[in-house]
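Quick one: structure below, then a few questions.
So that you can tell them apart, the chains are marked A, B, C and D in the order they are listed, and the count of residues begins at 1 in each.
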Amino acid sequence: MLGPNRYGKAETRLVRVHRDGESHGLVDFNVSIALSGDLTATHLTGDNSGVLPTDTMKNTVYAFAKEHGVGEPESFALLLARHFVHTQPQVHGAKVSVESFAWDRLGPHSFRRRGDHVRTTVVTVTADATQVVSGVSGLVLLNSTDSEFHGFVEDGYTTLKPATDRILATAVDARWRHAGDDTDWAASFEGSLAALVSAFVGTYSYSLQQTLYAMGAGLLEARPEVAEVRLALPNKHHYLADLSPFDLENPGEVFIAGDRPYGLIEGSVVRDDAPAATAEWWL
Amino acid sequence: MLGPNRYGKAETRLVRVHRDGESHGLVDFNVSIALSGDLTATHLTGDNSGVLPTDTMKNTVYAFAKEHGVGEPESFALLLARHFVHTQPQVHGAKVSVESFAWDRLGPHSFRRRGDHVRTTVVTVTADATQVVSGVSGLVLLNSTDSEFHGFVEDGYTTLKPATDRILATAVDARWRHAGDDTDWAASFEGSLAALVSAFVGTYSYSLQQTLYAMGAGLLEARPEVAEVRLALPNKHHYLADLSPFDLENPGEVFIAGDRPYGLIEGSVVRDDAPAATAEWWL
Amino acid sequence: MLGPNRYGKAETRLVRVHRDGESHGLVDFNVSIALSGDLTATHLTGDNSGVLPTDTMKNTVYAFAKEHGVGEPESFALLLARHFVHTQPQVHGAKVSVESFAWDRLGPHSFRRRGDHVRTTVVTVTADATQVVSGVSGLVLLNSTDSEFHGFVEDGYTTLKPATDRILATAVDARWRHAGDDTDWAASFEGSLAALVSAFVGTYSYSLQQTLYAMGAGLLEARPEVAEVRLALPNKHHYLADLSPFDLENPGEVFIAGDRPYGLIEGSVVRDDAPAATAEWWL
Amino acid sequence: MLGPNRYGKAETRLVRVHRDGESHGLVDFNVSIALSGDLTATHLTGDNSGVLPTDTMKNTVYAFAKEHGVGEPESFALLLARHFVHTQPQVHGAKVSVESFAWDRLGPHSFRRRGDHVRTTVVTVTADATQVVSGVSGLVLLNSTDSEFHGFVEDGYTTLKPATDRILATAVDARWRHAGDDTDWAASFEGSLAALVSAFVGTYSYSLQQTLYAMGAGLLEARPEVAEVRLALPNKHHYLADLSPFDLENPGEVFIAGDRPYGLIEGSVVRDDAPAATAEWWL
């Protein structure tokens, strides 16, 4: 029998120029939409009488960008998600995801694309509930000291030596679930990002797990509107180069940046009184 | 407070040559391991007394490849997952994922890598339950006719014209959950792959959803050991080129292969008497 | 002052269905066009009176696909390149590159995309000369034995141990220049590919350079229409896993497939009486 | 017969921490080395007596990073290239390429990786000559107005409408050849980058070719040590969304960011009295 299902348009690339004043504003989004609801007929017989085309979803993104303007990704995603649920009776749930790419201003109408992280949001709207998740991906951070790793379990396959001074580096992939759906999204994102970075920088680390928890707890402390934080932190290993064959010492100076394999640390930090999630999200 | 968490080594690249006879055998895997259990101490204080290093997990992959040989990815993943749960008391769950890359034989010890799909497995072992999921990703299929799409909902943002003859193309990403943990994995995979392909080819399609359901149902019909199938099918749009400005007709002959955006159809087909999943899996 | 320059449309994605018989034919190309000629005005003053829009080049690809059909990539590239040089007086040279993606037939109008290699061509046409280069990229080959590497130079930074039995693996990137512009392109490509593979498989190798030369020489021997072969062969290192800490031997059985760094061997094999190249090409 | 050839180690990933003071310094390079010279024997017979292993090249990168420290990429590449030519008599030429990844400082030993561009260098050393090329890739720039495109050639395949106000966006890939081999590389790079950006921002553009020339000429004007500039500028098309079906105007506000195809404009600007290049370089 047909189990859970959804469909939509993925990766609609929207660039919105706001020409309201002398300086142009620029918004650069990648929008993905997935709708669920009463879709049995199209699966079983190809009867599409309940199927809003994914092409229409794409059109709606561009039309809404004109009609409503485009501000914070959470607001635009809420607008779209509510539209589909409220106007299509057969649609019971809408999930709208946005990747937002930042640009630095070079002049009144000139911009340079930043590449240090992608801001994300996933909004899920049903008749009963609205859930907003914000996040960041691709933020690469590195501490060149103040990281140790020892005291671990050793079994018959363990050869790792304890480390008392190592590089700790990761590409932060974080998502945080808001308790409500009405926040100053820009301030919330900037504050959350700053809290994550500050905790990474400020934690003398005995494991990447410890750093992960500090990052999640730091975000919860800084942002009362957030109920829960989830992080996936690859341990971007930097191996100390063995220079002893060349009669050279290497006191934490020359490193091989490894590609694969990598450690992957995943965890969540939840506010004690957090309301329950109303939709599956991430990890 | 600390919420759900896990950690492990991702993307350990293993190549195993079996030199048992005159012809060498070749196995090419990408192995990812994630362990969960009693990991609060390392998160809160950096006490690693319960942390088996991810480096050890990597070593175990290579050592087991020698000690046990490497056959089907499901078997190797089960071996690894059980090892960690059974030998580390603080580890309550192990999730082992394998990507398997196929090679065609060119000679007794010569091979050419195929690139038409990746075979996947995700095995989750706890004290109480074992769950095996098999899958395929990156399998690109195309029907150049026998696909229509019309009769859909039209709202104020709909401009799509009904199509009575279009290209239907997708990159199959499928996962299927086995009811048990003891199967002829090789035959099961080959049969499942054949069932998916056969249903795609044999379905006169009025929507990609219909094709998705046919693929899932076809797999369940062919393979009694499978309890549930999940599919994510991007609609790789092929747009008919508008040649009318050049006084040329284009009766389904010349197409623009689009990159983004793309439709994304996700759904599952579940056997009526399927046992419940014992671990979260995919989608 | 303005130096060498050219411009064009890159990566026009063309899919052509030939519906001539009961079985459909399918051609899948990625076409890039670059024109050079009298283009000083647009560079210096933005006067575009000599600039054929790149959008027009894209249109021409789709229109020609209908008007002329699409066969071998070399033929289609020649057709396009000659068109621009012959119809635009200010265009003195046209370079047309095609990536061709192969599909295996599953039925009269059903196909599965192969992923084991990409067939390439680069055609350069001027008033005076026509040059056709064919090639292949992404073809991954592996010999699990019959490869040694020793007798090399050792300086103060050398730690590599001689190897008398190793895996030799590479991702073949090869281009070959034809002496003329009128050949059975399909047979030529198939024969060239077979010669490359055969030489890789059949060479007992003391260095990847030796294998490279054998591949180039084998192609020249097999295909009299080819004047010169160039190859870039990454040495996809497979490191023998050190299992001695676990009291396990590893006689060429368990390997770590490395990502970076990799050896890169580049070379050419030229027929003694080869005519000179008429345009810069590759490497 | 054997034609031109070279070999080496590609993509050695080096991270160098300088711990000289209270604040750590961080250098992050991807180093590729290619040597040429008397290499006939290994190609023809597998005699490796003239082959310095690529593994040794990798070791040399790490050892030199300790012995000499790592400053500007041009200096490090020169050091390496000269070493191989001067210490290996059979090596006649060395080409060393470096990709340099910038990190922003977050604290005395904490860093965030920037992603807005990659700084590159390619150094070629022979007994007779030294050539240094610097560059930048992946720098994405956008003007939301002050760009037009009209007055172009129209043939039978032209459907493009003239544009009097469009977005102009590109991902700058630029290389510039220095007249000498002894410059303040840091200042030269920063000045060159600033000149490129300034010309892009400051040029009212009638074609991307015009902008390209302005960028090259601007760099030559700003940096007397540079002899020649080459640029490859993809025209990252932003298509105005057609909102007329929804009774909405779109005066340059809502754009579809396209992936493929894209225009590709390639050109060079050469100082009138530029010395000739001594090695092939780019484009």
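The rule we apply is simple: contacts are C-beta pairs under 8 Å (C-beta built on N, C-alpha and C of every residue); 3 or more make two chains touch, one makes a residue touch a chain.
If you want to know which protein each chain is, UniProt gives these names: A, B, C, D = Uricase.
Because the structure is predicted, anything quoted here is derived from the model rather than measured.
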{"item": "Mutual neighbours - chains that touch chain A (Uricase) and chain C (Uricase) alike", "value": "B, D"}
{"item": "Chain located farthest away, centre of chain D (Uricase) as origin (C-alpha)", "value": "B"}
{"item": "Of A-B and A-D, pair with higher C-beta contact tally", "value": "A-B"}
{"item": "Centre distance in Å when chain B (Uricase) and chain D (Uricase) are each reduced to the mean of their C-alpha atoms", "value": "38"}
{"item": "Where chain A (Uricase) and chain B (Uricase) are represented by their mean Cα positions, the distance between them in whole Å", "value": "23"}
{"item": "Gap in Å, rounded to a whole number, between the CA centres of chain D (Uricase) and chain A (Uricase)", "value": "30"}
{"item": "Overlap residues in chain B (Uricase), where contacts from two or more other chains coincide", "value": "13, 59, 63, 157, 159, 245-246, 259-260"}
{"item": "Graph class of chain-chain contacts, one of line, ring, star, complete, other", "value": "complete"}
{"item": "Residues on chain A (Uricase) engaged by chain B (Uricase) in the complex (per definition of touch)", "value": "1-13, 32, 34, 39, 42-56, 58-60, 63, 87-88, 90, 149-155, 157-160, 205-210, 212-213, 228, 230, 234-235, 260-270, 272, 283"}
{"item": "Complex contacts: residues of chain A (Uricase) adjacent to chain C (Uricase)", "value": "156-157, 159, 245-246, 259-260"}
{"item": "In the complex with chain B (Uricase), residue positions of chain C (Uricase) that touch it", "value": "13-19, 24, 26, 28, 59, 62-63, 65-67, 103-104, 106-107, 109-117, 138-146, 167, 197, 200-201, 238, 241, 243, 245-246, 248-259"}
